[in-house]
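Sharing a structure with you now.
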Amino acid sequence: MTTSVTSPLDRRRHLTGMAFVTPTLLVITAILVYPILQSIVLSFGTSSLDGSEPYQFVGLKHYAALAQTERFWNALGVTLTFTALSIPLELIMGIGLAVLLNESFRGKGIARLAVLFPWALPTALNTLMWRWMYNTDYGLFNAVALQSGVVDRPINWLGDETLAMLSMVVVAVWKTSSFMALIILAGLQSIPRELYEAGRMDGMTRWQEFREITLPLLKGPILVALIIRSMDALRTFELPFNLTDGGPVTATESLSLYAYKVMFDFIEFNFGAAIVVVQFLVIFAMSLIYILTLRNKD
Amino acid sequence: MTRNRPRIGLYTLAIIASVISFLPIIWLILTSIKTTAGIYAWPPQYLPAPVTFQNYIDIFTKSPELLLYVLNSLIVGLGTTIVSLSLGGMAGYALSRLGMRRAGVLMVFILAVSMFPPVSLLPSLFQTFLNLGLLNTYTGLIIAHTGLFLPFSVWMLASYFATLPKEIEEAARMDGMGFFRIFWSIVIPLSWPGFVATGLIVFIHSWNEFPLALVLMTQNAMRTAPVGISLYPGEYAFPWETISTATVIAIVPILVITAIFQKQIVGGLTAGTGK
Amino acid sequence: MTEVKLERIGKSYGAVEAVQEFDLTIEDGEFLVLLGPSGCGKSTTLRMIAGLESITTGDLTISGTRMNDVDPKDRGVAMVFQNYALYPHKTVFDNMAMALKLQKVPVEEIRDRVGRTAEMLGLTEYLERKPAALSGGQRQRVAIGRAIVRTPKVFLFDEPLSNLDAKLRVKMRMELQELHDSLGVTSIYVTHDQIEAMTLADRIVIMNGGVVAQVGSPREVYDSPADEFVAGFIGSPSMNFIDLRRGAGGGWSSTEGGLRFESLPFSLGDRSEIRLGIRPEHVVITPHAETGANGGSFEAEVRLAELLGADALLNLDIEGCRLTARVGGTGHSRAGDRVQATLPTPLLHAFDIPTGKALPRLVS
């Protein structure tokens, strides 16, 4: 019995396909797959950066140490707090912006551009701009607050533990609500107009239209946006790096930033590898929830 | 309900949203055209008085490394874009059109690995690049960025190719073209909107990427714009007049690209998420 | 001599068998139409002949050469696609010239051949245009011209007219017919439109579920459908089907309603149930004659009368048995009228119920 793949016609197609895919798979393996695996290996042993000392397996030693390290638990807490605070705000802002941009009005092009800009600019530089506005002595916020008489002493936006976290959340919301908005907007635009016309025939108010038609049909896009953004928030790095350097003390030190410092300030690669493996697992769990939720939906 | 009220509300909201979006950028630009005294003045100067372009002149004359950062970002961004589009185009074509077995599994695999947090790649990538002599090279960072953004390119381009009518490629087969030729002289010319959208987003991603650029480019002269500017501050004080000016220079290319191609970028970002 | 021979050809995707045991020889110069509902395997068969799908089992030969593993371009076939499949970024000339260019035909000759084909199809003045600047009919002509230029041994058409509007379709259909008459090239044509099939074909292959249901001339498939599927598929509106049961006295009566036949001219064997078929255009309607039911003539009430223009369709009720009759469009009966409906015995069809196979007519 001959199968279709043995036909020379199909075989040529398959060979071409393999030839076309192979370079991509090589790059992805080299840059994404292999490093993850090596990070896992590193996290179970000791080694030197230049390979002068042979790799020694130490089992769960680094993970045990990690569990004893308060700064790690702090970083995990900061990361989760940051994610839990910023995602709902981004979602609300995103839905609002999307509904706004779905209306037609003059000057909409500018409004859309305004929404796109914060996303398009480098987070690192966005963060610098905000840091400048947050500046205690010369920043815009304190200038306005002091001059208008709301406060009589400058607010230390980035120097107070709670305020620093909130300030960081504000920057994240400012930057990424636009991304949420764009995805939700695409979802909005795929809702057939006839549904709203039918709703109007049924006597729905605008709010009822939103509740009964828009929101239920936006579930899919909202879920996608939520997941993509959550994964981003869980690996946030340059935001605390540039805004507060994790401070005051470690009040805004995310897992990524902590891992980076362990690896490149303290040059403890094996311990750092254990941190990134844990972070990877957190994000992996997140994407599993993602996939399972999507599957349940279908 | 009157017809006018919601309109006014709409405009108010749109204006507020736009102002909030633009505020940091505007404040930054205003800062960059103030004198140093104006920046640190009390009462604060909301509008620059006098307007000066001295900071820009200073950057070109006294801190040329800031321009070098922008150049580095350009080289890495363009290199990453070209390589990602080439490899991603070929892979996307194979996966969407050449009837590969397990194409679906490969697509999911590619999507899954793209979710890896960049920082978790760092311990290994840094060591490997160190040993291969790829630290502080354009090649090294271009390869790394290509790895990060290839999954996106493959998905974008594969879904674009899937919208082309299959019969055109079949007609080309009947006319006597091989698969390489079909890809080169039929598929690519017909898919340029897809390539443009993908390329723009990859370029922006590469321009903005931070952790890998920070770790894999350790020499000051090789830093990309976001990293170089972030690390620019001296030991004690933040020279805001220089930082603001450099930031303006570093974001202008992105602002221009975004403004010109906003349709393509929005289309690319939202492709496949609306369902 | 171009003879296309399909020997027990089959195509399967995993466990799904799209085409099974396709066995047919297409003669030189023949116009063969593959007809069937969507998903019946007709396009897959055509694409296997073209070389766009590999052949899972069986052998394909063209002019005596086995073609299973030959690249599409080397099979000597040209194809016209449903949505034209023109290269949107190339001019009409380049679209038509592509195959020749790839065959490294000298430029002079290309120009000459494309020029002549364009003239034949009335495309000369459009040669420098891009497909987007052409009308649907013109695009279709370019697609045909692209096939003609190659002087193929076999033309393959994959629903070439289905993207055109009704008027243009009729016009292009006639042009295709003339083209075939003048070029005389073997053609294989896939369609789901039975009018195209009836008008164009020398022979029609009717497919159903990946299997050939019947091969025959248009006359044959209309007059003597091989099974219930073919009988129902060919003809519009569809054939009426009535289930009959053998009565105690040897006569046949309908399971629903009041049709009764003393005898039927088919070799029925010892069947107790059959399915009777009659085309709407074969039901004879006469004014009500108070003769009662005899000799295949029944009293019927018109439930619905639909005027189509030249014709009208009457929906008849014969004591609960419904059937459709096609009558002239002028002066036809109205809903509520009582009429006499005659089902002429020579025009009846009979089918075995479990298999759907047509039962042979008794030779009288």
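Note that the chains take the letters A, B and C in the order they are written out, and that residue 1 is the start of every chain.
Note that in this section a residue touches a chain if its C-beta (ideal position, glycine included) is under 8 Å from a C-beta of that chain, and two chains touch if they have at least 3 such contacts.
Being a predicted model, the structure only gives us computed values, none of them experimental.
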Outermost chain relative to chain B, judged by CA means, is C
Set A-B beside A-C; more C-beta pairs touch across A-B
Taking each chain's centre as the mean of its CA atoms, chain A sits from chain C at a distance in Å of 58
Chain-centre distance (mean CA atoms) for chain A and chain B, in whole Å, is 16
Flagged in chain A as touching 2+ other chains are 10
Expected list for chain C, residues touching two or more other chains, is 51
Residue numbers in chain B touching two or more further chains are none
Listed in rising order, the residues of chain A that touch chain C in the complex are 1-4, 7-10
The residues of chain C that touch chain A in their complex are 11-13, 51, 54-57, 68-69, 71
In the complex, chain B touches chain A at residues 6-7, 10-11, 13-14, 17-18, 20-25, 27-28, 31, 39-40, 43-44, 46, 87-88, 90-91, 93-95, 98-101, 106, 110, 112-128, 130-131, 143-144, 146-148, 150-151, 154, 179-180, 183, 204, 207-208, 210-211, 215, 225-227, 229-230, 240, 243-244, 247, 250-251, 254-255, 257-259, 262, 265-266, 269-270, 273-275
Residue set of chain C touching chain B in the complex reads 50-52, 72-73, 77-79, 81-89, 98-99, 102-103, 146
Counting only contacts in the complex, chain A reaches chain B at residues 5, 10, 12-14, 16-21, 23-25, 27-28, 30-36, 38-39, 42, 49-51, 96-97, 100, 103, 105, 107-118, 120-126, 128-130, 132-133, 135, 137-138, 140, 143, 147, 174, 178-179, 182-183, 185-187, 189-190, 206, 220-221, 224-225, 231, 234-235, 237-238, 241-242, 255-256, 259-260, 263-264, 269, 272-273, 276-277, 279-280, 283-284, 287
